[in-house]
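Chain IDs A, B and C follow the sequence of writing; residue 1 opens each chain.
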């Protein structure tokens, strides 16, 4: 069977936004016991990551790393129609994930102990972001 | 159901090559109404990205970014049997995508407004590249 | 149908560990002829890559590239509770893959000639790593 829901996330600008529990709720509503959960983000300036979810300094360091790797307003960018964070947001998206698949076991995403699923907003201003969550599989363990 | 086709893309050397419409055509031929579309590129020196598809300066800036991040012919590379763009092509591939899953809704890949799917050729000379497109799902919305 | 197995890999510390044959064996045991094989690594300090599998200098160069891109013990990191390779391991994971989907054809993962699937251990000390391999599809070509 196939079950789909869309998540709409209102971001507060650049930063990571944990969506693990929202994804788990979709899996619960799907009724799938064993299968797979597929995430897809419908944007090119926000992306998905699986990241350590216990210590917030990880995301702080990640943000700083990305700011150094793909700086806002770099003089080499030609694409800046939406501001200095326009091209850097595309680069950060391309270096991370647009889609992700997670095994479902016992009616839940089988994530590792420290794994959280995050939407990573790369634009500095708040945006409304859309993520599709598709769950496939069977209602009983095969 | 499962439907598969292979795309063969003749690249003209390094650069992005949009394949969105070719992927959409495979989905149409599959007859799947709701499901998922899986892409896989069978190479380690070309990769897949989802990128803004409206303004070509995005891909220009992306190309320059990659050239700075993983330069051709870097003196630290030991692997250069196929030339200065050999190891850099592997690095660029590893930092981007080998596989991708996209939700199918209403018989089409449900991409965001500005999302395009691209094969990114990392070698400087033309190559023939193979991408598998697998579509799964049902013919009627569940 | 859905078939799942877990691979447990004992790493010897930082470096790439080829798992292609182990994944192929899971696909064989699944009995799936045509379908998809999904990999998921249940960690945030080790990741998956698809890499050229013939010349070991590729992985040597990759390791050096990663060490330069996300150095251990960088003074800007706040997250260092498990040592200088703690935050760098998270960054290297985020820049590569947590999940991967590979087409199955004729009872095998349809990989390109030079493609190998690797677990990439990012911590310097040995770790036990868990990877889920899920195979879906049909026993006869559709």
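Rule of thumb we're sticking to: a contact is a pair of C-beta atoms (placed from the backbone, for glycine too) under 8 Å apart; a residue touches a chain by one contact, two chains touch by 3 or more.
Fair warning: this is a prediction, and the values are worked out from it, not measured in the lab.
Considering the contact criterion stated above, the chains in touch with chain A and with chain C alike are B.
Matching CA atoms, the turn from chain B to chain C amounts to 120°, rounded to the nearest 5.
Rounded to whole angstrom units, the spacing between the C-alpha centres of chain A and chain B is 20.
Counting partner chains per residue, chain B shows two or more touched chains at residues 69, 95, 97, 101, 136. Residue ranges on chain C touching chain B, taken from their complex, read 34-36, 49-52, 55, 57-58, 60-62, 64-65, 69, 95-97, 100-103, 105, 110-112, 114-115, 136-138, 142. Within the complex formed with chain B, the chain A residues making contact are 1-4, 38, 40, 42-45, 69-70, 76-79, 81, 87, 90-91, 93-95, 97-99, 101, 130, 132, 134, 136.
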